[in-house]
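Multiple structures are listed underneath, in structure tokens.
Both complexes shown next keep chain A, but they swap its partner, so chain B is in the first and chain C is in the second.
Our next item is the complex of A and B:
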């Protein structure tokens, strides 16, 4: 029996090489995407966790300010050190600095060398230049990677700059225990504090408890006692925070991989269905000869696995290659911008590999399931005589009434799903709604066909068109399958094009509002030199207006990424002049501190305009009013804008990090020269708004490039499905066509009838695909994007892209039908008729 | 080899049964022709005997230990077909994607015959049907007569108790038809199987040991008079035909007696 199964599989593959190879490739594509995403992400997270562990050590608790401008006060350090459960406290100050004229911002970590020896041994320095003294004498230590990157030598002098503060010190040695890839500086905490602050405390306190202490209980107890500006967390929370950063992005990529896998399953379905149809007489013969019914089912499933197994194996190989290539070309964040500059090492993993292999085989098996069932229930005697029965007796016919009830139920459920909140930050209900829209599109095909062509069938039509309309109206299985393939692939394409176009249009408009000035100066989060700011105040500069901004961050939830704090010179009476509000803006009385939150804050923290909010600002718990919600496509995890006036009144230091500059009319060239000179002098970045806009849009286009490739693949698969199923349908009707030929249809008329049929099926598929695609696009835009990425945008259907794609697909569908028609009319009618019994 | 008792079948929605209380038997080495007008139910009867259609009543027993096909489930019926029945069809039905030898070996695979025996049994049958050396060839390259010889070899390779043939010469020219029919009868008798041949051809019917005519009233049995006598005697047997004992030897083709 196994031998027979093998003979049949081999014969099937040899006689349908291209269809089989394409199905395998489609499965391989899905598996490779999924596996590559998994490998890259696992490697990037492992890399990041390793790096974090080496810098952070493995403390039992970390106490840190919630505001990036805050600090852990000295008194608290002493208090914690006196706690009898505490074995060791390690104070740390981490800041970002520049080395000399180089514009790169580098991490500088100030450690207490004695506690670090126990808690963070990877940060321990090695003296390399005896003359420059040790770490306690103010030596600076650079990681080997940083030395390489900047071309520095141990023993050389370095100028460490942050804002106004400068520290001239020799590079006394390196950090041998740090993993390659880590670019950072280490110095004694007292020296760092003396030069860059904070003077009243330290940046972070890492705590090691006595053996046998219950770390969680200890943290919980201290969490209640800490002042409002501080939070306490476990080392693992940081890892979770990192994993959370890229989670939605990863899940979305995985959904795309799943879609690719499902299209693979569809191809296997179309291939196996047509294979079953074309071999129905052979299977019937084998059944008559005594092949058990179970084996007729299993044979088709075996063939499914025989497609899935090599396809998945190829997918794993491709996935590994893709992962290696992607990490080299675009880094470990897959273009998401989450783990900048990391190039992790990709290690193939057995268990996940096995999982993806099973997933690929499962998809292929799923595609083969219905064809296998149809094969199992074919009436043998009838199939042997008249070939494939598209509606065999065992296949329970779905009544029109039942179908209508099902359609109505789906129509009712979809809006409910789109209103459900995200589950664990994932838009699962949104994904379910998308799946249901596609099911609805497919299930509506027979109804739509009757509506569209029912009236047409009652009119007088040329003979070939009448034949085509009748065939499509009867909606045999093959026509339904062909239409379904097109519906799904076109819907996916339209939805992606719609989502990307909506996003791009919204981004374009948003850039207009957020880049009002022609020129910008930035220092990557470091304070701008006061000298530069003072120069701008002098008369004679070529600028008519300068707006200043300071950036920081606030940690609102220890397990979530921190949100950005933007201190801006805003007119409190008219914040809409600078922030693109998406809803009403509240005018608040003076004296009430107002903040304007980004849409991501609204999504994540459920904020509303007018509501009060407690922020851990400047080490205190400060009540603020949400004055409005603005659109921000730059900071996915949320941003809070506050006016510089309010911030100063709260006692904050307005350390400017970014400048927006308007030149005097007519002095544009002078302004450019002035900025270029200052940027070079201070090692900061100067950019024109047009450049920023161009760069932003090009980054956007690059990060969505992979979706265009997937759209093209989906359309090809849909078209291939149409060609395969139409060819099979024509093949199954060879006798009917031969009879028509005998009745006086010439070849051209027959070919026209088949091409018309293909065009009618394609029209139904495209119309339903378009409707479903716009609906899926709307769900992606209004549900998935806000829930997964916290981005809202208006829906924009790019008709100028969608309609040409539809037209091209219709033409390609007609071309595919011509191919089927040529096959159908190639056999002499007499020969076909002679084969009839 | 075949015993049918009280067989009845009514198509769903039909006013009267297609046939009822049919009784017929085919003995070892006996070749029986089943004739009748189109639509009278010959193919349905053949399908019921093969277990491809479910009869409404009656018993169908095939082979020495006489299992009732009618009482078995679908899988057991398939197993019984594989073990006890060989089929020859008008349209040959040779699998185009398998070689001639592979086609003939299919029943051996279905019966899980020891693989070591396959080659020898297939080769021996190929010789007996006059296709020695045709094993590795593909069906597409064979003529109609050759294809039907392959089908006959496939029907006999697993030594079934019963051969069911549906118009086995219907697609062949008269000369090839004669050759193929002679071969079929010769091999059936050689293996001491029973054969039931559905045919519209008077010539084919007259080469058989007995002729059963299916009418709306039941089966009538006749013994062929032989081509030289140009006719046959009628013995109305409303309840079917029993095997003659000892089985009458088939009348020769062109005067040749086949034994």
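Our next item is the complex of A and C:
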């Protein structure tokens, strides 16, 4: 038996070499993509977690201010330290500084060596803290990467700058325990505090409990006692934060991989279906000779696995290579910009690899399922006599009725699904709706065909065309398969193009409103030097208007990334002049503190315009009014804007980090020179709005580059499916074509009939694909994007892209059918007719 | 112009002005009158200081030894720094329990004053996290409270004085070497009644026994010649108290020695270098660092010939924080002409005692 199975597989692969190879390739593509995404992300997360662990240690609790401008007060450190369950308190002050003239912002971590030696040994030189001359005497330790970047050596002097504060001190040692790529400075907490603050406490308190303590209960007990400006969290919460950062992006990429896998499954389906059809006589003969129907089923499934297994294995190899290449070229963030400057090491593990192998085989098996079933139920006698039966006898009417019910049900369910909320931050219902739209598109194909070409069949057409129309109208299985392949692949392409175009158009418009000034100055989160701000106040600068902004962050939920706090010089009467509001804007009385939240805040925290909100601002619990919701594509995890006046009234320090500048009309060149000189002098960044816009859009394009490759692959697979199935259907209709040829059809006429048939099928597929694609694009834009990324945007169908793709596909489809036509006309008519007797 | 800039600089950098005012380590001056409870507190100007309690318990078992020491070390490099966290005073503490027939359990803590640790300058009150040594009350209500916790053991004890303070040397000025600068201020409080709880392996039991409190502060004791010292502090069975020490040079020869014996009636006798000698009777070698400690000694103090016998041999303490430090510190029985129990301390046998 097995020998027979192997023999059949071998014959099958040999006679359908290109189809088999392409099916394998498609499976490989899906597997490799999914596996590469998994590998890269796992490596990036592991890298990040490792870096975090070496910098943060593994504390049992982290007590930190919710407001980035806040601090953990001194008295609390002592209170926590005296707790009997506490083995160690490690206070930390982390800030961003510049070194000398270099404009890069560098992390400076202020530690206490006595606690760090236990909790964060990576932040100390190899031999532990030397008795003197180390950070305890006011020196710095620098990571090897930072030393390399700046071309400095241990022993050199360094000028540490943040805002007005300058601190000159020697580099007393390096930190060999830190991973390469980690650019940071370590100093004693007291020196960091003295030079850069915070004035009355530390930035963060890490707590190690006594062995055997119940950490969770301890954290819960302290959570109740902490002042409102502080929160307490587990180190694991930080890891969850990190994983959450890239989660939605990753899931979307994985869905794309799944789509590639599904197209692979479709290709296996098409290949196996034609294989079953073409070998129906063979199988019937084997059946007569005693091969049971169950074995006929198993044989096709077996062949499916035989495609899936090498395909998946190839996919794993490709995926690994892809992952290695990607991390080298782009970094570990998959183009998402989440994990800056990390080049993680790809470590393949057995279990996930096995998982993807099974997934690939499963997809291939799924594709083989229906052909296998068809093969099993083939009536032997008929198969021997007339060949392959495309559908089981007698089930046609039931199918039609069932189909109508099913279509209606789907139409009813889709709108419901699009209104369901995200589950655990993932737009699962949205994905289900997308799948249903595709099913709907495929299921609607016969109906659409009849509607479109029913009238055409009644008109007088040249014979080849009439034959083609008739053939398509009868919608044999093969035509349906060919059409559905195109429907799905074109729908996916249209939807992706639509989504990307909608996003890009929205981003473009958004950039207009958020970049009103021609020039920007920023210092990457460091406060701008007061000298510069003072210079701007002097008469004679080439600027007519300067707006200042300070950035910070607030932690509203310990398990989510913090949201950005933007302190801006906004006109409270007209915040819409600077913020792109997406809904109504409230005018609030002057006494009320008003904030304007981004759409992500609205999405994640369920905020409405006009409602009050409690924010952990400046160490206090402050009630504010939501004055409006604005669109923000820059900060996925949310942003809160507050006017500088309100912020100062609350007692906040307006430490300017960003400037927007409008030059005097006519003195644009002077302004440019002025900015260039100041930027060089203070080591800050100056940019023109046009550059920022160009950079933003190019980052956007880069991050969507991978989707274009997928679209191309999907279209290729769809076209190939069309060619394979058309060829099969031509083969199945060999006798019909032979008869036609005997009746006087010449080769050209026959070819025209087949090409026209292909064109008709492609037309149906493209039309339905377009409709489904726009629907899917709408779901992606209005449901998936807001739920996964908290971005809202209007739908924009890029007809100038979609229509040329459709036209090209149609032409390609006709070209593919020419290949089928050539097969049809190559058949010697007499031989076929004779064989049929 | 230059001058103005200079003035401006000192305004902008207040630390600069303070830097010139950084004070040197205070010397231990002969004739300094000690005042209590103020001098029970920390003396921040001196380089080193320790509050040191040792004792022997008879409950829950006989001959359980315990010790808790808080060390204070002054660092001058941060004197100019304007920060509440400036590492000017480093506190560290060692706690140990000796179980007869078992082994020594030891724990340590270290922190800078101001970050989870603090000491008082006006009374004995020093803590690192939950570890604490604190004197409270007056007259018959006067106590010293001790607390040390670790996964391996914990104790909370209340020490009650039964005798007055013992000012060592000349009214608390204790000479440590041939040069007068080599000296400390040194106060002892022998024969303290100890009561409280001792927790071993998560089982808390009532504890009671006798303890000895030492408080010593100095800026220089070893000089160039000294590498370490041998010391005993013994509560005698008859109610008397004996303290003796010698400073050794690298060859093991005595650089300086001194002893004080207070009998049960309170009569104090002091013995100079020529009247005090330490002679090793038996060594024990540490399997950890190879140091050879003379755990059994013959000590002659004036007319008295005495022998120490350790409860167990391995009472070595290896501390890592803030710096690696190894010494032998253990409960011994004293017999010979005087009988009692107390602690023997042997330092500088694995490395020079660095303070």
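Rule of thumb we're sticking to: the second predicted complex is superposed on the first by the 823 of 837 C-alpha atoms of A that agree within 3 Å, B and C clash if a C-alpha of one lies under 4 Å from a C-alpha of the other, contacts with A are read in each partner's own complex, and residues count from 1 in each chain.
Operating definition for what follows: contacts are C-beta pairs under 8 Å (C-beta built on N, C-alpha and C of every residue); 3 or more make two chains touch, one makes a residue touch a chain.
Bear in mind that the values here come from a model prediction, so they are computed numbers and not experimental data.
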Contacts of A:4 with chain B and chain C, given as first, second, both or neither: first
Contacts of A:83 with chain B and chain C, given as first, second, both or neither: second
Which of chain B and chain C A:664 touches, first, second, both or neither: neither
Partner chain in contact with A:190 - chain B first, chain C second, else both or neither: second
Partner chain(s) touched by A:608 [first = chain B, second = chain C, both, neither]: neither
Residues of chain A that lie at the interface with chain B and also at the interface with chain C: none
Of chain A, residues touching chain C in the complex: 74, 77-78, 80-84, 86-89, 91, 112-115, 117-118, 129, 131-132, 136-138, 188-191, 193-194, 202, 210-212
Complex contacts: residues of chain A adjacent to chain B: 1, 3-4, 7-8, 11-12, 14-15, 281-282, 285-294, 380-381, 384, 835, 837
Chain A partner contacts - residues on chain B that touch it in the complex: 43, 47, 50, 52-53, 74-75, 78-83, 85, 87, 89-91, 93, 95-98, 102, 106-107, 109-112, 115, 154
Parts of chain C lying in touch with chain A, wherever the complex brings them together: 15, 75, 77-78, 81-87, 90, 110-112, 114-118, 127-130, 149-151, 321-323, 354
